[in-house]
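So, here come the structures, one by one.
Two complexes are shown next, each including chain A; its partner changes from chain B in the first to chain C in the second.
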Partner chain A sequence: MSNPARRTNPGYGRWTPFWFLAPAVVALFLIGIYPTLFALVTSLRQYNLTRSRDGFPFVGLANYQAVLSDPTFWDTLARTARFFLVVMPVEIALGLCVALLLHRPGLNFLRALARVTLVIPLATTYAVVGLLGRLVFNRDFGVANSFINLFGFPALDWLGNSAGAFAAICVMDVWQWTPFCALIFLSGLSMVPVEIEEAAKLETTSHWALLTHVQLPYLLPGFTAMLILRSADVLKLFDVVFTMTRGGPGAATELISIYIQRVGFRVFDLGTASAQALLLLVITILLARLYIRFFYREIE
Partner chain B sequence: MASRSNGRILHGFGLLAVFAVAIFPVYWMVSSSFKTQTDLLASPPVWLFTPTLGNYAEVFADQKVTSAVVNSLIVAVFSTALAVVLGTPAAFALARYDFRGKSDLWFWFISNRFISPIALALPIYILAQGLGLLDTHLVLILVYITFILPIVVWICTDQFRSIPKELEEAARLEGASQFDIFWRIYLPLGLPGIAVSAIFGFIFSWNELLYALVLTRRDVQTAPVVATSFMSGYELPWGKIMATGTVIVLPVTIFALLVSRHMVRGLTMGATK
Partner chain C sequence: MSFLRLQGIQKRYGPVSVINGVDIAAEAGEFVVFVGPSGCGKSTLLRMIAGLEEVTSGQVFIDGQDVTGTEPAKRQVSMVFQSYALFPHMSVRDNIAFGLKMSKVPKSEIDRQVAEAARILQMENLLDRRPRQLSGGQRQRVAIGRAIVRHPKLFLFDEPLSNLDAELRSQMRVEIARLHRDLGVTMVYVTHDQVEAMTLADRIVVLRGGKVEQIGSPQTLYDRPVNTFVAGFIGSPKMNFVAATLTGRDARTVTVAHSSLATPVRIALRDDAQTKGPSVGDTVTLGLRPEHLVLGDGPNRMILTADIVESLGGSTLIYGQTKARETMILEAPGRRTLTKGETLSVGFDAAQAYLFDATGQAI
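On to the complex of A and B.
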């Protein structure tokens, strides 16, 4: 609701906001919305580049029907969900531990060092993370095998079998995104008023009690943020997996984005791929609405 | 007292472990980039070795890599600059004006953070093909705006809101137009926020793979695409791959360290401070 006092003398014309906003809105419309509408049209056609001789006939909802009855589509969605359910709890648990270590007073130099280092996984080019994954998890000369040898386990052909490859992409994701969770939790912990935390520490020596009774309420908003953002990110996840496994072996690591890319750009069935992409977009928009509902209520 | 110093030791040990795990893969990449092929293929892997600059010599002699780095630089700089030019006036309007549909517009900008690149890559591929824009810098610059612009708008709106209104009122009394206010007051005072958002824009577009993979063929392949393209054949040139990886990661790491304080805000669109 706008303030009536300001409306009488806002100091600017009615159209002023429009001129400032127009360039950004027009640009985003042309490169964001227009292609999406175009994808909608494509998804209603048979648009297979390998069969372009037939033209691109209008087929109505046939592509959607095909996608929704395609077991591979559901398999990749289920696999994406499984990936999320494996990495997210690990990232949350490790992230919380790291945040608590960084929040604890003392050892200022080490804390600052660890805090700064956390940024590195987040910024590392995702494609390079995937390449690195292929080196680290190599059967013959990968360093992952020499680590597990240390603990007495035999060397594994990580990327050569389904379970190993899935585990390997999970490990790389945990490495890259635990810092994200840690930094969000850390900012939550730093919101706890110092007096409250000090008073609580006089009452109890139990870290667990402190965590669940005093700090937890401050951690919840960040927790919700990371659940929603990470699920959107997992739906987007492409670079690391593509460079590391290309979705293989077989379909063991074929997450949703990899699958759509394969249908669109390796099978060249753009009609079906567009239908898949739009279904993915619907899920994404729901996530975005959820996120906005939680975090931007105060903007009005 | 004993348990206190034990706690301190555990704390220090934990922090060192965090440091070591966070840095290890990058350390492994950089150290591998100085290994000869023999050392790289040693089993078990070697930790101490005589370093060689051979891989870097090979990388910088490979025109594919050098032109890819130049392409990445062109795309990242221009897409970021364009996003700043388009985004700062929009951020000014969102920070300073009341108008109908303001929150919807704001949400629309935020929602772009969630869009999966593959959803846009398909139609943009077809459109770019029709317009003859495939394999040009322009198409990547334009597409990258879809994810840089929302960040610029978000961070700059936040920054502009913190600028005191009195400055603007004083300028208005002296007859400054709205554009003058934006140009002379908000842009200079908002510079820290603009810089942070530009660094984020640069990092994100430098790191991008999917659009670049799909929309380029030969002439404007970016660095991540070229690094990925080495991964074929039987015996992979690991030293060269790791040297290329290091060359790609080094500049963004430096930028990320510069904005490390803002990293969480940038990645969550400010939902957490």
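On to the complex of A and C.
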């Protein structure tokens, strides 16, 4: 009698599945895992390229100790947090308003057009956004000064002073990422069953009540994903700021990623820079866990 | 003045017209059922009463007030949806209390009213559950509970039993009838199921293609349908129609002949058809309800050839064919066995026969 549990010939070689998976695994390893492991090893060594004759000795957690006791690290991290706390609420509020407007029935062609145009800022390369920012906030011929001139205000040297430069990078981030928030919210709103919205409309005329009691639960999963993605993105935000201000004037717009770049590729202290980068990774993971813990709710 | 009045209601989606000048009136406390085939506009009409759909032209009056442009929440209507439309993230208690909370009713009063609704609908033990933890029938009860607590002027039901199985459907049908009796509120109910329409309604509105075909009590629609559409729609199994010829006519009656009729049948004309209607030699439609046909008995005889027999347990449906190869259904009490091709003599009372002219209008 034959054993029913015996495996029959599947019709392909033992290694065939491996070869199908191999390209993805190799790419992931080369792009993601190897650099992370390399950074981990580097962060545990004294790895300064300008002093390569000293070798790259193992120093344990010394780099981490140095980073955690470095006031500039904490300053730039605080500046990054401030940047996030300024731009994120604005992007959420504006994105939600845009999504609610696009969720209203009627004007189908214009709504479809608006949805397509929302993708344009998202599809624009970060460095190009930065260059656009330099033009927009140029003291002599920038649109920003033309705009404030309309209201009788004098022209400002936006990128030449600390507050102006910080405001400028915030504005460009809001310009680029509000559409992303709007699209995420819009997809959440489209998940709300029509009958449920209608049932609520029979009970209340308040749009606010409809939003908070009925639509909000459907927005939370997207909202959580938005927070996670934006937090990770802001922590590694480099191109826009670098092309716009190079972190200046002074350190006014030196976000954490600009600082890590400075440590890694101007001072060439790759050991410290790797430790900083890995600490950012830990912060990102912790933030993601917190967001999921506090905001994520499944519907049904 | 009628409690609910729809006056010249039209609804167009671009060039497509779905409701074409509907006039309906319902009295306070009445149970009105909109019935018709899919796409006839019955749900659209209900949604226009609720305010969930804009009216292209015409007016909606509730309790004497023109509410055509009024927001849904200000019309004091409650609606029960086919898909229940419960808020999935809220407990049963919060679902029922939602409208009261929105109206800023004090918490003690909300608790009292929720408890009262739960008692009426026998779901006291379900109040802390989420909708996903409930069966279809229980969910529909919660939806009805949510409608009850607002004490609306008008209850609207949009095919509320369509998602339930047959047994639960008949059970819920009785509960809705009981609810109407106990609350005495005006109810408008949309269904495509003519059994629900016949059992629940004080008055039925039969719709086709966005137009009202006939309005009347279930009995009126059954006894005196105005055309072949209403005659075919009301009654189960549906009315049999055969093409007959008018062979004689006097002031009040006509005589019709058919190749399967043993002798021509004399049928009384409706009052409004006595001065007009078809002439001798015209083709008319003879309508006979399956339950009015008797096997081997009756003053007027029709000869059929047996085709198929369906046993329903307590009664039997017999499918036969006329000589003109028209299929007729006969509902006979008890159990019958027939062989295919067997000749049947079927009797009927001429007073229970219906006659329609070439355009399908009753004569």
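By our rule, the second predicted complex is superposed on the first by the 257 of 300 C-alpha atoms of A that agree within 3 Å, B and C clash if a C-alpha of one lies under 4 Å from a C-alpha of the other, contacts with A are read in each partner's own complex, and residues count from 1 in each chain.
Keep this in mind: a contact is a pair of C-beta atoms (placed from the backbone, for glycine too) under 8 Å apart; a residue touches a chain by one contact, two chains touch by 3 or more.
These figures come from a predicted structure and were not determined experimentally.
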**Message:** In the overlaid three-chain picture, which partner chain does A:Glu195 touch, first (chain B) or second (chain C), both, or neither?
**Reply:** second
**Residues of chain A touched, compared between chain B and chain C (which is higher)** = B
**Request:** State whether A:Gly32 touches chain B only (first), chain C only (second), both chains, or neither.
**Result:** first
**Prompt:** So, does A:Phe58 touch the first partner chain B, the second partner chain C, both, or neither?
**Reply:** neither
**Asked** After superposition on the shared chain, which partner residues are touched by A:Pro121: those of chain B (first), chain C (second), both, or neither?
**Response** first
**Request:** Examine A:Ile260 and indicate which partner it touches, taking first as chain B and second as chain C; both and neither are also allowed.
**Result:** first
**Prompt:** Once the shared chain is lined up, is A:Phe153 touching chain B (first), chain C (second), both, or neither of them?
**Reply:** neither
**Asked** Between chain B (first) and chain C (second), which does A:Pro217 come into contact with in this model arrangement: first, second, both, or neither?
**Response** second
**Message:** Quick check on the output: what are the common chain A residues between the chain B footprint and the chain C footprint?
**Reply:** 299-300
**Asked** For chain A, which residues count as touching chain C in their complex?
**Response** 193, 195-196, 198-206, 209, 213-214, 217, 297, 299-300
**Asked** Where on chain A does chain B make contact in their complex?
**Response** 2-3, 6-7, 10-12, 16-21, 23-25, 27-28, 31-32, 35-36, 38-39, 42, 47, 97-98, 101-102, 104, 106-107, 110-111, 113-132, 134-136, 140-143, 145-146, 149, 175, 179-180, 183-184, 187-188, 191, 221-222, 225-226, 229, 232, 235-236, 238-239, 242-243, 257, 260-261, 264-265, 270, 273-274, 277-278, 280-281, 284-285, 287-289, 291-292, 294-296, 299-300
**Asked** Mind pulling up the chain B residues that touch chain A in the complex?
**Response** 8, 11-12, 14-16, 18-19, 21-23, 25-26, 28-29, 32, 40-45, 85-87, 89-90, 92-94, 97-99, 103, 105-127, 142-143, 145-146, 149, 153, 169, 172, 178, 182, 203, 206-207, 209-210, 213-214, 223-225, 227-228, 231, 238, 241-242, 245, 248-249, 252-253, 255-257, 260, 263-264, 267-268, 271-273
**Message:** Which residues of chain C touch chain A once you look at their complex with the stated criterion?
**Reply:** 50-52, 71-74, 77-79, 81-83, 85-89, 98-99, 102-103, 131-132, 146, 150
